[in-house]
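Pasting a structure here, questions to come.
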Amino acid sequence: MSLLDIVLFLPLVGFLLLVFTPKGNDQLPRVMALGISLLVFVISLGLIGPFMGSTIPEGYQFVTDASWISSPPIRYHIGLDGLSLWLVLLTTLLTPIAVLVSWKSIDHRVKEFFAFLILLEFGLIGVFVSLDLFLFYVFWEIGLVPMYFLIGIWGHDRRIYAAVKFFLYTMAGSVLMLAGIIYLYNRAGTFDYVQILSQLQSGRLVLSSQAEMLLFSAFFLAFAIKVPLFPLHTWLPDAHVEAPTAGSIMLASVMLKMGTYGLVRYSVPLFPNAAHKAAPFIIGLAVIGIIYGALVALVQPNMKKLVAYSSVSHLGFVVLGVFSFTQQGLDGAVYQMLNHGISTGALFMLVGFLYERRHSLEISAYGGVATPAPNLAIVFLITTLASVGLPMLNNFVGEYLVLQGASQVNFTATVFAAVGVILSACYMLWLYQRTFYGKASESLSHHMPDLSTREWAVSVPLLLLMFWMGIYTQTFMPPISAQNARILQQYQQQQNRPQSANTPGASEVANAR
Amino acid sequence: MPANAFPTSAEYLRFLPEIILTLGGVVIMLLEAVFTNDDQRKIFGPLSIVALFAALLASISAAGDPGAAFSNMLVIDGFASFFRALVIGIGVLAILGSTGYLRQERMPGGEYHALILFSILGQCVMVSANELIMIFIGLEISSIASYVLAGYLRDDPRNNESALKYFLLGSFATAFLLYGVAWIYGLTGSTNLDQIRGALQTSAAPLVMAGAAAAFMFVGFGFKISAAPFQIWAPDVYQGAPAPVSGFLSVGPKAAAFAILLRVFMTAFGPIADRWEPMVWGCALATMMVGNFAALQQSNIKRMLAYSSIAHAGYVLVAVTAHSETGSAAAMFYLAAYAFTNLGAFAVVTYFSRKGEKYVAIDDFAGLSQRQPAMAAMLTIFLLSLIGVPLTAGFFGKFYIFKAALDANLTWLTVLGLLNSAVAAYYYLRLLVVMYFKDPGDSVENLEPAGLSLQIAVYASAFGTLLLGIFPGWVLDIATKSALK
Amino acid sequence: MDALLFMIFAAIAVVCGINLVVQTHPISSALSLVGVMGALAALYLLLGGEFIAAAQLVVYAGAIMVLFIFVIMLLNAGTEARGRRSWAHYAGVPLLLLLFGLIACLITRRMPASENVVFGQFTKGGPLDIGRALFTTYLLPFEVTSVLILVAILGAIVLARKEID
Amino acid sequence: MHQLWLIPLLPLAGFAINGLFGRRLAKPAINAVAVGSVLLSFLWVLKTLSALGVFGGGESVLELAYQEHYFTWIQSGSLNIGVDFAIDRLTAVMLMIVTGVGFLIHVYAVGYMAHEGGYYRFFAYLNLFMFFMLTLVLGANFLLLFVGWEGVGLCSYLLIGFYFLEKFATDAGNKAFIVNRIGDFGFSLAVFLIAMHFGSLDFTTVFGKAKDMPVESSAGWMTAIALLLFVGAAGKSAQIPLYVWLPDAMAGPTPVSALIHAATMVTAGVYMVARSSEIFLHAHGALEVVAMVGLATAFFAATMGLAQTDIKKVYAYSTVSQLGYMFLGLGSGAFSAGIFHVMTHAFFKALLFLGAGSVIHAMSGEQDLGKMGGLKKYTPITFWTLLCASVAIAGIPPFSGYHSKDAILAAAYEFAPWMYWVGVVTAGMTAFYVFRAFFLAFFGEPRWKKTHDSHGHGHEDRDAHGGHGHGEPHESPASMWVPLAVLAVGSLAGGYINIPKWLEPMFKLHEEAPGTEWLVIVSVAAGVIGIALAALFYLVSPGIPEGLARTFSTPYRWIYNKYFVDEFYDALVVNPTVDGSRSLLWRVVDAGAIDGTVNGVGKTARAVGGILKRMQSGSIRSYAAWVVLGSIIVITAINMAGGGK
Amino acid sequence: MPALPASVPLSWYLILSAILFSLGVAGFLFRRNIITVFMSIELMLNAVNLSFVTFSYKLKQVDGHIFSFFVMVVAAAEAAVGLAIILTVFKNRQTLEIDEVSSLKN
């Protein structure tokens, strides 16, 4: 029973506790959810231990490897490395924040809401720590259900459409990944990620180039939908706009990372040759996504939709970084995952604050908020600046590294991606101007109290992280960098290995069952 | 002529479950005259469950001593035992799920329980038969009981129509089945599955005719399992039949029919697998698509579940297409998983529809989650299992099936099947949407809490669904051990 | 002689069969069916099925068909009304021809060649042989069939009993 | 260790204190924190420089850059970017300008902003600006330079939009930030290329490697780096075509215009190009581009300055024009001359703006030259100090502008004589419009008397002094005029600080070629002629300008409307982007094509379901027909599969 | 008229069976009276029985006869239940028109 097991299963325990909480008392579930999520967060801080210090450990930490299902051999195999560490912490940090954000705004079916929120945490942590492909898929799908309910029950007007779209979109992508996982199992005889990887590296398992490409596509589609990569992104704006604030936060901050995490964890190491071949195409989509997302964000009349499209743009950077296959690109991509989690999560949170006050997401319903609520304006401004990638705030580091990495392999793409940085300033500042600047109308002034203590409490940690991650990256970067170095090393080894499949005869041998 | 004209005691033991079920049914028929209607409902439910449990024990003990019985008419192997246990379990859940319904419709309980027992008896005979003649008789016992069950509320025109359609079309399809049997008999000189297999393996075997015979027989089996294009009866019959009966029909006879389909096609027609595989491939795909796509348009929940049941038959047909050991095991697991899930779902529908099945439109479920959160949560589990979300039985069922299909190099069928399951998510989600996202309407106003036996049925199904979803290993191990070659 | 008998009875069977299909009154159809059954009984005899020919007449033509006619009378069923015709009506003819063509083609082309039918060549279809088979090899189906009939009786009672509750 | 980090961190501390607690602090406390932190920073600069021997030693010190390493900022693979500060001669000059002039402007702002709302906010921003500007000049690698670079842009954005209740102010802020971002786009691409080709971003490493390359290296990427850097510089230093934000930036409070948009931030581009001189020297054709763009900017901005009626706009265009001069100097290879002009310009342009602020202050917020006049007797100190600055910018000896401008023009002549001539004409125009503004403000009939009252209200919350907008124009308080006086001294004598000589170890000293002494005379003459024309037009016979405007109505309209560049950008870039995004990308591509496809799949599925459900006609006979059809299909299929065996 | 052979091939019987089977199908498809439809099924079963007996002759086995015997029994059982079902339908709807019994549909 390692620390990681506790971090993983405590939310599940919390979920069950919440489910069996008696009805009628609305305050109890809130307190319970907060207590559980904070406890999980505090315990999860202990996970950092092995990754701090001068040497970053090779391999996985906090490994638990137990049999779950004997035949086919599906294992409960979890572990943590530099890649998953911060994503787990991001999840455990944002869950209590999401709980606090929903403290007042959720006033019907309270118990269910918090139960689903905590269940979501369980699924998300599971995704990041699974080292068994099957287990990974299980968690991947589990996360879908609570989010579906979060959007569907507590969302806004078109919540049903959004929830169903969200579910079906993701489902459509993931079923093909399931096919890929099964195929991989049939070839490798195991679902264990570590073993499959070592089989691939040692040459005991050889995929024909066609099979590799098909497998890569199956995995990639699932991840690309989740990321979401242009043109598979249209579920995102709907889901975000309709979701309650906490749902948007979890969706943007953590759920989208499932896709990018999958790319780094699975797509690249398992299918390096296919990834290499597909890279120009994917980079193209990523860059289109960056510019396209930004341009569409520019003209959104709805705040959440604007932020949602900005996510499309931001995550394009992550994909660009991953498929540059350079140290800087990968480091930047992983870092950018965290950055986006912090800053876009904060943006959704702040939009939620505004919504709680005025019950509108239309930008035109605002204007001059800075006068009645200066603190809110400042917090929003800092978050905006983080989002546009101002130096000394977190996003800059990620974006810089991504572009630096990408520039080494595809300068044209970098140039276009850098245009996205310009555009991000355009849409974010315009949003800020229209919302906070100008003269406040009478009705707005009356319903726009400044930040409450609770709101401060959730804002400050995020703000601190924005600065911390922007200025002193050494706290976070070494584990990421070390893990990426390993991934790249493996990737290059695979690249150099002569591929037997290029000749038809050999591929048939490899395909023989 | 076999030497052992007189059966041994071991053979009787192997046939004990059927004997117990027969006795149970007969005792109920006899006692019926003694009790009033109210008492009947109270007594016969537990009585039949006792009989079923006895039969279950008998079949488990029979599984310990596998072998043929009665001049090779029956073969009690793992496969047969698995399905015997499954259909008996289905019987238990079906009876638990229908007690309240009978009370509310004020129907006598005697014949109902006897018919269920006889139907299960027929299914037991089917799954353990090793001879076409036994298969035919078992099928007829099960079917005739089912026809009557479908029309059990004889004053209800929906029930009449359901029974009539089921009966006429069922007999029609049976005629095709028999025609195929006649041919295969003429070609191989036997109706014993092993001997047919042996005859077909000889070099002189007339394979084209055998294929045609297999096709005729597939019409009959395909009808029972509601495979496209023989699925058309299912929606009407399931919609018209009493809700608990629909639940029973969608799993019991179907599981047994799949068992004999697997046994006949993998054993007897094993040598001509390359002939029927493409045909079953097409049927599997067509079945999935017809079921899923047509379900998108349904507004009646029983009808929707009927289409869903068609679609699920399509998934199992994928496993049949694979015609491998893993495929057979996957089909077995899937049918078990589906039994729990669908019986549970129908139990909730039974509970919800109330007297005269007034509330069976999907929109009637609006706000169920707020009036009966526990029931709604259970239905959610069943629906998620039907969608195939992990940690439910349905997910592992699909997983094993598609794994077997990929093993058998059925890549495209796998991909199309998986995409189908994504399409299917839509209509299940619609029910979730209505239950959870819509405000309660009139239909949930006067909803009484569920009766005890129904609650047992629902919770047991949910438990089974989750158990098979979280620890599928033990059932799969049994299935793998007892799968056909 | 065999051929002639076959021709005669086959002709009767086919004509009665067609009559069954074209008659609009159920009684006419029922009588046509009896005709088919009688002709078939004769053919069974030609094929050496003494017992089965008898059973055909006793069970089928005698018992079952009487039941049919009884029900027809009971329900006072009259001539079919000329109602609307579904697509099945029009598609039916080509479908039938296709089905029949397929079966006939298979029988004539693909059925392994065999000898001509000569009366008296096969004599094991007598009651003795049947009885021996039924009570040895086919003991179980024979017994189980009794359950089948029991179920049928039960079903008929459930559906046709006078009143409920 | 000389604790260089204290230099930027002192203002940052000021920012932090005022930013976090300013709302609860009294004004004197805010002043103390804001001004004090900058003063301490200035003093620390002096202390550090003297400790480095700058004031005592002369030539020998700071041959090499003095560098301090604090911590690793970004470490990824071979790329290691530290938070390092360094001082060399160039930095020393910039530090002195930034902290010195910055301090004066802080002092001035205390008086100027005395009656403003958001007082603490203003000073917090101003301190933050100081922090970023100092980081910019102290940073020892390109990325740290970029930090300061973006940071000052942010402060510029915040301060331009200081009056955030007014849409034009926030619009101007956005415009400044976004146009700067376009420049930064070029800068960042340059940074990527530098890291790619030099393997590092540290100045010492990069320039060391660049130095070892052959002069006029033919490597295309070197030129690309240089040009991309220049794009960045053009954004920040308001060069064609990215100058459009600077005139709008005058929406900010006047001290901001003086500090950020005249003295310091806008010269960051010049600093950066000078800093990267090794790269420019090794890049084929890059310097030519710099010179051309600089010259074009200088000339066109000057023409635009001719017709402006807003006093701050006049100075804004003059800033653009002077920045063009600086780039002309840099492009001509006279890096030190460019920096020299940065310094003198800091003096006289800060003075011009502060003087303008004083005038505006006196006029209770009025900025229109057409509504001024005759202020000489009301605001004598402002009058004299502004005169100093105007003479300096006109390039009249011995004022500071003369020295630096002369150095630039001399270099330009050597580079290309025609550039010199254009420069001279520009100098003449500069002298003309600066004095035009000067004369219009201080001489002639007071044109403000009739309309005075109404104006006090019009600009109530826009710029200062709604509260005391009644009565006669008056001289500014001491906190305002003392900095004016100090800057006047700088404008007067600043030219005698021989920056080119001081920078000689870094940049080749530009020796004036023999036989070119006449160049000086010509350029001075141009200045004199410009002043004379201004005097003629606006003092002697005020009718001439209108006549000229009527006669040359088309050129006048173009100049008056700034060549319609803003409108051109709007029509060509901004509107198509916004409209295209809305109507094409969002509505057509996103909602129509992509989402339409997605929903279309759903609709198709349901339509298929609709067709399939027609099978279910309810009629038993049709069901039987399906069974028959199915059996035919099944039998056929199974026969097909067998291959006829 | 060609001379009639002394005996006919086995396949003629089978063809006759096929004809009767098809006629049964035809009756199901074309007749509208439920009882007639049911009788058509009986006709199909008879056709099947003919096949069984024919094959039994060919194989010189009794098993085909046994099978057809069971078919008869089953047919009897089905007849009992089927007619009972038809009775209930008639009681509820007062009609034997098969097309009238089509209320369950999409």
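The letters A, B, C, D and E name the chains in turn, as written, and every chain counts its residues from 1.
Following the convention adopted for this analysis, a contact is a pair of C-beta atoms (placed from the backbone, for glycine too) under 8 Å apart; a residue touches a chain by one contact, two chains touch by 3 or more.
Keep in mind that this is a model prediction, so the values were computed, not measured.
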Shared chain contacts [subunit A and subunit B, defined touch]: D
Subunit E reached from subunit D - shortest hop count over touching chains: 1
Given subunit C and subunit E, the chains that contact each of them: B, D
Taking each chain's C-alpha mean as its centre, the one farthest from subunit C: D
Of B-D and A-D, pair with higher C-beta contact tally: A-D
Nearest-to-centre chain - CA centroid comparison: A
Longest centre-to-centre distance from subunit B, chain (CA-based): D
Interchain centroid distance [CA atoms averaged], subunit A/subunit C, Å: 70
Geometric centre distance via CA averages, subunit E-subunit B, whole Å: 27
Euclidean distance of C-alpha centroids - subunit C vs subunit D, Å: 101
Approximate Å spacing (C-alpha centroids) for the pair subunit A, subunit E: 65
Contacts with two or more other chains, residues of subunit A listed in rising order: 168
Interface hub residues of subunit C, defined as touching at least two other chains: 86, 88-89, 92, 95-96, 99, 111, 133, 138, 141, 145, 148, 151-152, 155, 158-159
Per-residue overlap in subunit E, given as positions that touch at least 2 other chains: 21, 24-25, 28-30, 32, 37-38, 54, 58, 61, 63, 66, 70, 74, 77-78, 81, 84-86, 88, 99, 101-106
Chains that touch, pairwise: A-B, A-D, B-C, B-D, B-E, C-D, C-E, D-E
Residue ranges of subunit E in contact with subunit C within the complex: 4-16, 18-27, 29-33, 35-36, 38-40, 42-43, 46, 49-50, 53-54, 56-58, 60-63, 65-66, 68-70, 72-81, 83-88, 90, 96-97, 99
Contacting residues of subunit D [partner subunit A, same complex]: 23, 71-79, 143, 146-147, 150-151, 154, 157, 161, 164-165, 167, 170-171, 173-174, 177-178, 181-182, 184-185, 188-189, 191-193, 195-196, 577-578, 580-582, 585-586, 589-590, 594-595, 598, 602
Residues of subunit E that touch subunit B when the two form their complex: 17, 21, 24, 28, 34, 37-38, 41, 44-45, 47-48, 51-52, 54-55, 58-59, 61, 63-64, 66-67, 70-71, 74, 77-78, 81-82, 84-86, 88-89, 91-93, 101-106
Residue ranges of subunit A touching subunit D (in the complex, touch as defined): 165, 168-169, 231, 233-235, 292, 295-296, 298-300, 326-328, 331-332, 368, 370-371, 374, 385, 390-392, 396-397, 400-401, 403-404, 407-408, 411, 414-415, 418-419, 421-422, 425-426, 429-430, 433, 436-439, 471-474, 477-478, 481, 485
Sites on subunit E touched by subunit D in the complex: 25, 28-30, 32, 37, 98-99, 101-106
